[in-house]
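Here it is, the structure in full.
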Amino acid sequence: MSLLEVRGVTMRFGGLVANEDVSFAVEPGQIYAVIGPNGAGKTTLFNTISGLYQPSAGSIRFAGEDTVEPFSAAVAARALVVGVATSVGLVVALNVEELWRIAIGDNYAYGEAFPWAKAAKDLLAAFPGLGAWWGLGVAVLGFVIGLGASLVLWQRSRRTPDRIARRGIARTFQNIRLFSDLSLIENVLVGMDARMRAGFWSCLLRLPRFRAERESSESDARELLAFVDLGDRAEEVAKNLPYGLQRRLEIARALASWPRLLLLDEPAAGMNPSETNDLMRLIRRVRDRGVTVLLIEHHMKVVMGISDRIMVLQYGKRIAEGSPAEIRSDPTCIEAYLGKEEHG
Amino acid sequence: MRRAPLLIAMLAAALAWPIAEQFLPGSWSVLDAVKSIFIFAILGLALNAVTGFAGILNLGIAAFMAIGAYAFAILTNDLYPFQIGFWPAILLTLPIGALAGFLLGAPTLGLRGDYLAIVTLGFGEIVQDVLKNLDSITLGTQGINPLPAPVVPWWKPGEDGQGGGLGLVDLAEETQGAGPLLSYYLFLAFVVVAWLVFRNLERSRVGRAWMSLRSDELASRSMGIPPVRTKMLAFATAAAFAAFAGGLWASWLSSTGEPANYDFQISILALCIVIVGGMGSIAGVLVGALVMIGVNSIVLVKLFEWLQSKGLGASGSVFVSPNSWKYLLFGLALVLMMRFKPDGLVPASGRGERKPSGGRS
Amino acid sequence: MRSAPSIRRPTCVLSMLLVTSPVVAQNQLKIVSSLPRTGSANAQTTTMVNGIRMAIDEVGGKVDGFEILYEDMDDASPQRGNWDPAVEGQNANKAAKDPLVVGYIGTFNSGAAKIAMPILNRAGCVMISPANTYPGLTKPGFGEKNEPKVYRPSGKVNYFRVVPTDDLQGVVAADWAKELGATKAFVLHDRELYGKGIADVFEKRAKEIGLAIVEVEGIDPKAANYRSLVTKIKATGADFVYFGGTTQNNAGQIAKDLRSGGVVAPLMVPDGCFEDAFIEAAGAANLNGKTYVTFGGLPADQLTGKGQVFRENYRAKYGTDPEAYAVYGYEAARVLLDAIDRAEAKDRASILAAVAATRDFQGALGTWSFDENGDTTNRTMSGQAVIDGKFVFQKVLGR
Amino acid sequence: MEFTSAEVFAQQVLNGLSNGMIIALIALGYTMVYGIIELINWAHGDLFMLGGFLALTILGALGLEEASGPMAVVAVLVILAASAGFCGTLNVLADRIAYRPLRRAPKVSLLVTAIGVSFIFVNLGLFWGGVPMEVFSGGIAAAAPKDFPALVPSRNLLGTDDGVGFTLRDLLVVVVTLPLMLGLWWLVARTRLGKAMRATAQNPTAARLMGIDVDRVIGSTFFLGGALAGFASVVYALYNNTIGFQMGYRAGMDAFTAAVLGGIGSLPGAVLGGLLIGLIRAMSDQYLEARWTNALVFAILILILVFRPSGLLGMKQREKV
């Protein structure tokens, strides 16, 4: 079974077609590269895979499952609950003075003991009285609004970057996006968040669970920083890091969630040859950790040197796919991409 | 720059102040004003969690304060049947505030920053209107009073000034003899608790998730941080502590005041505390509260008193009345502050021109 | 002033300051006023402060050998542009702690009084309000069930006022409205303590005397205009409009919109609008002949005796006619100074007792006393109409 | 004569539209500035307030308070031009002095600066009311609301005093605001400056690279936004006949809500939002209770944003990666 399966993905922005009917599959353990000239739709494809954009057509499956959360009984149940709650809430809100008077105003004599049981009984007895025609209308309106809002919000969150990330797809960005105010280790710890379990209360009260997790996560984070050769700068603030090292930090952060698939968006952009060599080594080591890699790259040297398979995009369409050797000899590719580069 | 020495120094000063004050002339007494600094410090810490840490501009924090104050009042005042006393009521303001935050946040926290800002602004207005309009419940603009002061176990003098022992002291009686010190220290303790809460959150996955959203929401989401749920935690926590501050405020005044007392100006004051102190910096917020409220209700008041004693402002013309200049001073201070010290007086680590340093985990 | 830094328990020092009778230093006594000096009420409070200063100047700043200091405290904050409960609380606390302070003139807003009253009550300091009209502050049965006892934690009455309360003014307003020929009244209020309170009384009284109330609406005092509300009023066919509220809360705009919206029914407002600023804000043309103002006292030009003298002195000193409220500031200070003069010992307790014992005081407002609740026995109210851009006294109301 | 329920409804629609157009005019200024530098220009409402004070001062200085007939028309034109120029200039000055140095600062610093500027404006408004001039009643009560001369009478153009009233003032609102809105639309859509503004809004860096003087474009935007506030202030003052130093808050709040409701950054959105808010207010005053009107406006705002998170006409913003 393929780890990532992209089937017939089309992505339109208004009249612009950024990707058209793109299909490919990434097998576990591969380093898979997507290449193509500028504006070929590579980054759009990445953004679509990582949940930032929703494909206009086609599907993206990860580890055998569709990445769009299916409509389920739980969603329906939640929508119903929200609908009922909104309905009750609206009715109560619009009659709050009346209900207050019935339950409390009429029962409480200043300075005397309050008959709690009677108040509760009166309150419950008051509800049917609110059911004048408009009272019922309000209840229905509240239900519709609550149900609708719940479904709309759910619809919007069916396939979001955080859900995709939690499924096991991590990514880096073409124009590095670190948490620049945070230290290196904190950056990595944010990446690790998806697999942390200490809850809000345990963090607030520093319960043993929090302490244990802090120990283990920090040592994991340091290990990851060491993995990308940043082990000695863990406490520095990310924005003070040189550009080349920022890329490494981004990779460490992405790896922190223990993803099964890592998306690298032009990792070698702006690097000199020696840095590029280091990077290639790093990517291989990432793969050797058991992480499948999908990368977009311009540098042919990088792509040809490390990829197991390559797909070529042009004008948003897939024009070729195969092993590096196949791509190198594919006439369409040579013309569309490699040939062009020779001239340019 | 390490914050700990600053915080310890501030704490020590706060602990020592009432004793130092004994040696100053009576007209210098500012203990009451300092209590309002404490309340606003808690409000500032709350707002800092949502605006400073999570980067959500909340322009309606005063609404949660109002909710806390009215909840506290309704739960304690003898016009209502509940009358549960100071401690249960003040603790209940926390979940009540959190619930209000949840109800507002659930449908809106997915909105982009400025849209959310206007929603919180609107919420601030709605809450005032609702409190005003539901006058059979909230007494409208009457204000609910009196409200209980804290009751604490403490050494209590005997009936005739002899003996005495441990007993429950009602701090409302303080002005009549026990001295306003216990409530001062109690409020200080609340600030310390709030500080610990927010410090613990800041240095945990919760705080990191907030800060990552502030720093780069997109990257944060791509790391698997669920934005709405994470923001909700910040929003509801802030709402809870704002409500708590509101309850304390009402207890301190022994009245809710009128709903219009919790208007936009309070939200702005809280925002200024956070920003002047340093967004996302807990020590900064405390300094911000000290500076803003201190200047506002101590320095300016004393200054105007002094000016008045020199005969200024007696003629009633708007130009020579010092009070008429307050807005201008306030506005200028904000503009200059943002121009020359935009990261606040005590910038959060990682902001400003901070050198790399260690010590955070 | 630095006291000997002996090592006493700090609480003892403070409690001495607070509980024992203030030690009078250098034959000085201090009167403070706490009124909203910043923001929209500034015009009215300025005239009151002028009145207070006049009263003090008239006795040469000295009573019975004691120099009288005066401090004009502001209970408004610039953020609020109006009274601020925290500031009022601080003012009251400060006054309570200052051993020189023997009298507290204030507050302007009844809401502020609710904050200050218990504090000053505990401190045993006299408080005289020149402007609070909310009945619940003094009268049992008129406010909430726990009023006014919650304002008197010590059990003693320390709060007095020289103005009649809203429960009187609202009643005379409704009576006068009926007399003016109203049959169907539309009641508006600004949803605040004063405005809504008086509108409630008006409504209640109107129903008692058979004046129909078609609707009661709370307005938004910050709204740009009230056109839609006026359309609603017009649609109801009301022949009289009552607005419970103040100039600050947009009374002028209501008057304007009524006229430009084609409502011909007369408008009646309470004394929160009895100031020149109301006519200025509304524009005389919109008020002339169709606007009635009730006032819990007599306007300055109707005052006789000492009141007339006050008016002339005021004009001489400040160059303008006093606004309606100026005389209340003056009267509050006068009655306080008078009590200081009468008090045996010049401490808070004696002065409080002397104020409470004020009977048949010959003041600018006539001859009056404080009753056992601290209210003035003066119940003279007046009705004015706006004619040619001026308040013109019509008749004495009530009694 | 009876005021029938249909007439009442029509009248309320008219009220709502007139008020809505004034709100829309202010909202346009907000949305323009927001569109270009993403600043919630907090001082905009108070700028609007100062425009009103300038108009009143000019009327007082030129002795035009009582003007009628052709003189009134001249007076209205004079104050429209003066307030627009004044507010535009003041807005540009605020940008130069306060906002421009913070272009690279976080948005919230910019917002706080704007709040600071707004406080300064409010205080200036308070002082302005203390100017010893006849129109300010000698400046004695600086804080009190000021009566603005009724240069435009509220004469019903539909005949009698009974029935639906469409007054000269309503006409004034339409006559001033509609051409301004159309003109603005034309300016943004068709002119070189408009193109530069849109480019700067999209991507300031790219615009700069394309040779656009970004600071100048931002300055022009501030001027236009301010000028709209100036026009709005005069229309507001003539329509309501009252100005006060605290009127900026509510006006600004309404306008900002309108801008958000319509989709912030969108010019037609601001107009639609303004009209909607005007209508909702009028309908709520008539058919619900006036005291719930504000709450209703915001409840509707929240509801709309839940279903349309970018406002009614706002573009769904694509995240730039």
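In order of appearance the chains are A, B, C and D, and numbering begins at 1 in each one.
The rule we apply is simple: contacts are C-beta pairs under 8 Å (C-beta built on N, C-alpha and C of every residue); 3 or more make two chains touch, one makes a residue touch a chain.
Keep in mind that this is a model prediction, so the values were computed, not measured.
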Fewest touching-chain hops separating chain B from chain D: 1
Chain of greatest Cα-centre distance to chain A: C
Closest chain to global C-alpha mean, per-chain Cα centroids: B
A-D compared against A-B, more contacting pairs: A-B
Centre distance in Å when chain A and chain D are each reduced to the mean of their C-alpha atoms: 41
Separation of mean Cα positions, chain C and chain A [Å, integer]: 62
Length of the line joining the C-alpha centres of chain C and chain D, rounded to whole Å: 37
Multi-partner residues of chain D (each touching 2 or more other chains): 140, 142-143, 249, 291, 294, 306, 319, 321
Residues within chain C bordering two or more other chains: 42, 81, 145-146, 191, 218
Multi-chain contact residues (two or more partners), chain A: 52, 110-111, 149, 153, 173
Parts of chain A lying in touch with chain B, wherever the complex brings them together: 50-52, 96-97, 100-101, 104-105, 107-108, 110-111, 114, 119, 149, 153, 156-157, 160-163, 165-166, 170-171, 173, 177-183, 185-186, 189-191, 193-194, 196, 198, 200, 203-206, 210, 213-214, 217-218, 233, 235-237, 240, 253-254, 256-257
Touching residues (chain side chain B, partner chain C) in the complex: 18-19, 22-27, 29, 32-33, 36, 77-79, 132-133, 135, 139-143, 145-146, 175-181, 249, 252-255, 257-258, 260-261, 263, 265-266, 268-269, 296-297, 301, 304-305, 308-309, 313-314, 316, 318, 321, 323-324, 326-327, 330
Contacting residues of chain C [partner chain B, same complex]: 1-3, 5, 10-11, 13-15, 17-19, 37-38, 42, 46, 49-50, 53, 71-72, 74, 76-82, 84-87, 89-90, 93-94, 96-99, 111, 114-115, 118-119, 122-123, 136, 143-146, 150, 153, 191-193, 196, 218
Interface residues, chain B side, partner chain D - complex: 51, 57, 107-108, 110-115, 117-119, 121-123, 125-126, 129-130, 132-133, 218, 264, 268, 271-272, 275, 279, 316-319, 324-328, 330-335, 337-339, 342
Chain D-facing residues of chain A, complex: 13, 43, 47, 52-53, 145, 148-149, 152-153, 173-175
